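Have a look at these structures, which come just after this line.
Two complexes, one shared chain (chain A), two partners (chain B, chain C).
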Partner chain A sequence: MVATDLLVESVLNGLLLGGIYAVAALGLSLVFGIMDIVNLAHGHMLMVGAYVAIVLFTALGLTPIVGMVVAFAVLFVLGMALQRVVLERVVGEGMEQPIIVLFGLALILESLGRIVVGSDAQATEIGIPGDAISIAGATLSFPRVVTFVLSIALILGTWAFLKYTTTGLAIRATAQNSSAAQYMGVDTDNIYVLTLGIGTGLAGAAGALLSMLFPITPYVGWSYLLKAFAVVVLGGVGSVAGTLVGGLILGVSENVGVLYLGGGFRDIISFGIFVLVLLVRPHGLFGSSGGGE
Partner chain B sequence: MSGLSGCTLLDGGGGGSETITIAATVPETGQFSSLGEAVKQGYELGVTLMDEELDQEVELLLSDDESDPEVVRQELQQMTSNNEVDMIWGSFSSLLVTAGSAYAENQGIPFLGAFFAYEGPHRNEGYEWTYSPFPKSRDVARSTSGLLDLIPEGERPSNVGIWEANSGWGEEQSDYWEETLSEAGYDVVLRETYQLGSEDFSSLISQSDSANVEILLSTPTPPGGITAVNQMQSNNWSPQVLKFVRAADPTAWWSALGETGAYACMCPGWVPGLTGGGNEGLWSAYRNEYGLDDNELIRSPVGGGYNVAQTALQAVEAADSTDPGELQSVLRSETFNTVIGEFGFEDNGLPAEGDLTAPTGQWWEGNQHTVYPDTDGTGAMDFRYPIPSWSER
Partner chain C sequence: MASLTDPFEGIFDNRRRLAASVVVLLALAVVPFTTTPYITDIVFTGLVFVMLGVSWNLIAGYAGQISLGHHAFFGLGAFVSAWLTTPARANLPEAIQSPALLAIAVGALVAGLLALVLGPILFRLTGHYFAIGTLAVAAIIQLVLLDQRRFSGGSTGYYVQNNLGDSATFLLMLAATVLVVLVTYAIVNSRSGLGMRAIHDDEDAASSLGVNPLRYKMIAFVVSAAMAGLAGGFYAQFTLYVNPDSTLGVPWMVDTLVVVVLGGMGTMVGPLVGAGLFLSLDTVLRETAGEFATTIEGALIIIFIIFVPGGLYKLLSDRYGSDDAVEGDATAEQAE
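For the complex of A and B:
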C-alpha cells in the first residue's frame, strides 16, 4: 500500500514533469494541426535546443532562462529557413515527401550532434540553484518547479498569441481552411513559414528546459518525439489546451504508475495511454476531426 | 603466485607467429566513454609489462566500441578477420563484455574480461573460453557487508534500499545484496526496479525517503548515477551510505558532481590503496608513462585493465604457448596473482568463490580511495560516514 504523502508527492512531481512534456509536444501539435505535417525531426530539434542552452551555460555562464530564450530564437530561425528552403518545395507532392525529408533531417541532426558534441551524455544538468520546496508534506525539486512555471508561461504565451493577435487569427484561419484564408488575403505561404518557426522554436525551448533537469545526448530526439506524439494524441491535434492537459496527464500517469508498478513500466504506461486513446477517442480529449483550436 | 613456477620462454605456440596478438575494444565514446581512456591505459601498461616479461613482441589491437555491443562484435570480427588473434580482452560493463565474450566463444579464442560482475552468463551460457579476473556480484555483496561492518555497531544504520536496474545483472546483484545483508541482520526496507537508462529518479527518491532508507545500493550507468545524485540534491534527500557500482567508477563522477559526489562508494575491482600483486609496479609504470600530480591517484579502471594483462601474462607463461587449448587448460588449473589479489578460475570462467575480496572505494577530494578492505597502500583512507545532509555540506 502506497502512503498518501508519497502519492501526493508523486502526483505533484508528475504535474511538474507534465508541463515540460506539454511544451515539448506543443510545437509538434501546432505544425501537425496547421500545416498537416508530421514533424519527425521535432525531437531532434528539441535536442539541438538543449545543446544551445548547455553551450551558453558552460561556455558563457548564461542562465538557463536566457538559454531557453536563445534556443527558441535559434530554432525559430532554423524552422522558418527549413520551411522556406526545403519543405515548401515538397509540400503538395504527396504525404511521403515531407515525412522522408524530416526523417532524413532527424538522422542528419543526430549524426551532426554525435560529431560535434560526441556521444557522451552531458552529465551535469544546468540546474537552477535553490532549495527544495515543501508543499502539502511533499518535497519538490526547485529546478522542476521553475521549469514548470516557465513551461506554463510558454504555453500561455503561445495561446495568447494565437488567440489575440492578427497573425494568430491568420494562423487559425489557415488551419481551418487554407483556401478560404487565401481568398481573405492571408499569405498562407508566410503563415506556414511562421508556423514551422514557432513549432521548432517551441521544441528548442522545451529542449532548454529539459537540459535543466536531465542529461542530454544526441540520441534523445526519438524518445521525446514519441512522448510528444503521445501527448498530441491524448490532447488532440492543434489544441493548445489539449496539449497542456495531455502533457499533465502523461506526466502524472507515468509517475503514479511507476509508484505502483515499478520503474520498468514507465514507457509501457506512456504508450499504453497512447494506444488506448487512439482506440477510444482518436481525435484526443480536446481535438476535433477538423483539427485546430 | 602459486602454480606458475618453473615457466620457460614461449615457443610461439599455436598462433603460429612470434608475435602475440591481442584484440580488445574499449568504450572511447558513448555512455561508458568516461572510463574508456583509463581502461586503455591499463591495457597498454599491461602490454608493456608483457613485452618485458615474455621476451616476445606483444601486439595490442585496440578499437573504440562506442559503448555499443553490436560495435564490439563488428570490431572484433574485423580484427580477427585481418589478424591472427591469440586472445581477446573485454571492454567495460556486463553489456559490452558479454558481447565480446559471445564472439570469442563462437570463435574459440580465449577471452579475458574485467569490469563485468554479472555471474549469470557464466552459469547459463556454458562458457568455455571466457574468464573473468574480476570480483563478481557475490563478492560485491560480501564487500558491502564488510564495508558496513567498519561502522561502530551503535552507529550502524540498518535500513537498506536497493534500486534495482531492470537488467540481468541488476536483478542478480540485488538478489545477492538482499540475501547477504538480510543474513547479516540488515532490513531491506525498499527494493524497487527502475528502467536502465532512466533519467527520472524522483519517484525512487520519494519512495526511499518515505521508507527511511539509510543505505542506498544500486548499479546505474555513470550518467544515470550522476543524474540520480543531482536529483537527490534538488529533492533535499540523501542516504547515510551510498554505493553506486559502476556509476561512480569514472572520473566523470567527480568532474560532473564535484563535492556533491563525495562520500559515494563504488566497487570497481581495483582502487588506489591496494598492495601486493604488482601494485608497486603499476604505480611506477603509471608515473613513468603518464605522470601524476601531487595529490592525484591512479584512476580505478587502470588497475582493472592492468590486472587483465597480468592474468594474460601469467597464463601465457604457464602454458608456454599461445595455443587456445593450452591457455584454456592453464586458466582452469592455475592460480593467478594480480593487483586485485590472488585467485583461480572455475571451469565456467568465474573467479573461484571466496578468492577475491572486492575492494570498495570512496570518492574524497577528487580521488577514489580504498576504504575496504583495510590496507595501508597509497590512496587508502578510513571510510567516511555518514553522508551529511545537503545543507551541511
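For the complex of A and C:
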C-alpha cells in the first residue's frame, strides 16, 4: 500500500502537470471546435515548441519563460502559414484529406526533428531555479508550480480573448455558424487562419512548459497528440473550462496510476482513459454531438 | 458489368492486361533466383507494401473509415507468427511450435479476431474520433508489448527462426499477395463492396435505404486487419526479426498511407501502382536523400492530396484514355 502523503503529493503534482495538458489540449480543442479539423500534427508542433525553448536556453541562456513566448510566436506563424498554404486547399473536400495532410505534416516535423537534434532525448536541465514548496506535508517542485501558474495564465488569457475582444467574438460566431458570420461581415477565411495560429501557438507554449519537466525527443509527438485529444474528449470540444478540468483529471490519473503501476504505464493510463471515455460517451464526457463528422 | 453473380467478372476481360499481369508475376517469381539478396529484399518489401496498401484501401478507400491503427494489425501478425515458430524465446511452451506457414496463417487470424473484437467498440466512433481512436488503440498495443519484454524482447527485439528459407518465403509471399488482391477485388465487386461504397458516400442515406453500416464496416475492418496481419506474419518470417519499436511502429502506417495516396484511394489498381512508385521512390531516396527521405515522403503525401487528389492511377487513366477505367467506379455507376 502506498503511503498517504505520497498519494497526496502525487495528486498535487498531477494537478500541476494537468495544467500543461490543458494548455496543449486547448489549442487542439479550439481548432477542432471552430474548424472541425483534428490537427494530427498538434503533438509534433508541441515537440517543436519544446525544442525552441530548449535551444534558446542552451544557446542563449534565456529562461524558459521567454522560451515559451517565443515558442508560441513561432508556432503561431507556422500554424497560420499551414492554413493559408495547405489546409485552405483541402478543407471541404471530405474528411480524409485534412487528416492525411496533417499526418504528412507530423511525419515531416518528426523527421526534421530527428535530423536537427538527433534521436536522443534532450536532457533538460533547463528550468527555473527555486526551492521546493511544501503544502500540507507534500513537497511540490518549484518548476512545476511555475509551469502551472503559466498554464493557468495562458488558459485565462485565451478565454478572455475569446470572450471580450471583437476578434474573439468573430471567432465564436464563425464556430457557431460560419455562413451567418460571413453575412455579418466576418472574414471567415482570416478567422480560420487566426484560429489555427492560436491553436498551434498554444501547442508550442505547452511544449516549452513540458520541456522543463520531461525529457523531449523527436518521437514524443504522437504521445502528446493522444494525451491532448484525451483531454479534449474529457472536457468537451471547444469548452475552455471543460478543457481545464479534463487536463487536471488526466494529470492526476496519470500520476496516481504511475504511483501504483510504475512509470512504464504513464502513457498506457492516459490512452486507456481516452478509449474508455470514448466508449461511454462517443462525443466526449461533456461534449455535444457537434463536430467530428 | 454489375457483377454481383461473378465476383471476378471483368478482371480477365482485357487480354492485354491479363498478359501483362502474368509477365509481371513471372518476373517477380524469378527475382530470388536471378538477382542479389539486396534486390530480393527490396522486392519483398514492395510486396508488403502492396498487401498493406490493398488492405487499408478496403477500409479507408472503399468503406471510408480512416483507420490510423493498421500498423497494430501488421505488428500483431508478425509477433504471433514469431511466437509460433520460435516459442522458446518468448518463454512459451515448446508444444505450440508450428511450421512457418501455419504460424503466418494464425497471425493473420489473430489480427482478424482482434479487429472483430475491437470493431464494435471502435465503430461507435465516427470520422475524426474513429481515426484518433484507432491510433490510440494501436499505441496501447505497442506500449503493452514494449513493457512485456518477456514476450516481445523489449527494445532489443526478438529473433525468429523457421525452416522455410528465403526463396520459399518469397514465393509464398508472392502467392499470398496475389490472393489478397483477388479476394479484395471479389469483395469490392460484391454486394458488400456496394454497401461499403454506399457508406463511404453518405452513411445516413445508405442507412435509410436499408444498408446496415456496422455490418459492412465490420467486414471491411476484419478482412483488412487479417490481411495486414498476413503481411506482418510474412515479414517476420522473411526478415527473421521483430521488435515492438519498429514492427508495431507508426512508420508502417505511414508507408501504407503513402502507397494508397500516391496510387489513388478507392481504386483497385491504385495501391498496386502506388506500391511500385513508392518502392522506387523509397529506394532512390534512401540512396540519395539519406535522412531526408522521410521528410520528402511526408511532403509527397501533402503534395499529392492537394494537386493529384485521385492519385497516380487517376492521373494516368485520365491522360491515356481508359478503356478499362476504374472497375470499381464503373460497377457502382451501373448498379445505381
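Before moving on, here are some points about what is shown:
Assume the second predicted complex is superposed on the first by the 279 of 293 C-alpha atoms of A that agree within 3 Å, B and C clash if a C-alpha of one lies under 4 Å from a C-alpha of the other, contacts with A are read in each partner's own complex, and residues count from 1 in each chain.
As a working rule, a residue touches a chain if its C-beta (ideal position, glycine included) is under 8 Å from a C-beta of that chain, and two chains touch if they have at least 3 such contacts.
No experiment lies behind these values; they were computed from the predicted model shown.
In the superposition on chain A, A:A132 makes contact with chain B only, not with chain C.
Of the two partners chain B and chain C, it is C that touches the larger number of chain A residues. Contact with chain B, but none with chain C, is seen for A:L259 once the two complexes are overlaid on the shared chain. Contacts of A:R144 after superposition: chain B is touched, whereas chain C is not reached. Once the two complexes are laid over each other on the shared chain, residue contacts for A:D5 go to chain B alone; chain C is not touched.
Of the two partner chains, both chain B and chain C are touched by A:D267.
Across the superposed pair, chain B and chain C both touch chain A at residues 264, 267.
Taken together, the chain A residues at the contact with chain C in this complex read 32, 38, 40, 86, 89-90, 93, 95-97, 99-101, 103-108, 110-112, 114-115, 222-223, 225-226, 229-230, 233, 264-265, 267-268, 271-272, 274-275, 278-279, 282-283, 291-293. Residues of chain B touching chain A in their complex: 29-31, 33-34, 66-67, 166, 192-195, 198-200, 202-204, 206-207, 209-210, 222-223, 226-227, 230-231, 234-237, 252, 255-257, 391. Of all residues in chain C, those touching chain A in their complex are 60, 64, 66, 68, 121, 124-129, 131-133, 135-137, 139-140, 143-144, 146-147, 250, 254, 257, 261, 265, 291-292, 294-295, 297-302, 305-306, 309. If you check the complex, the residues on chain A that touch chain B are 3, 5-6, 9-10, 13, 17, 118-121, 123-125, 127, 131-132, 138-144, 213-215, 217, 255, 258-259, 262-264, 266-267.
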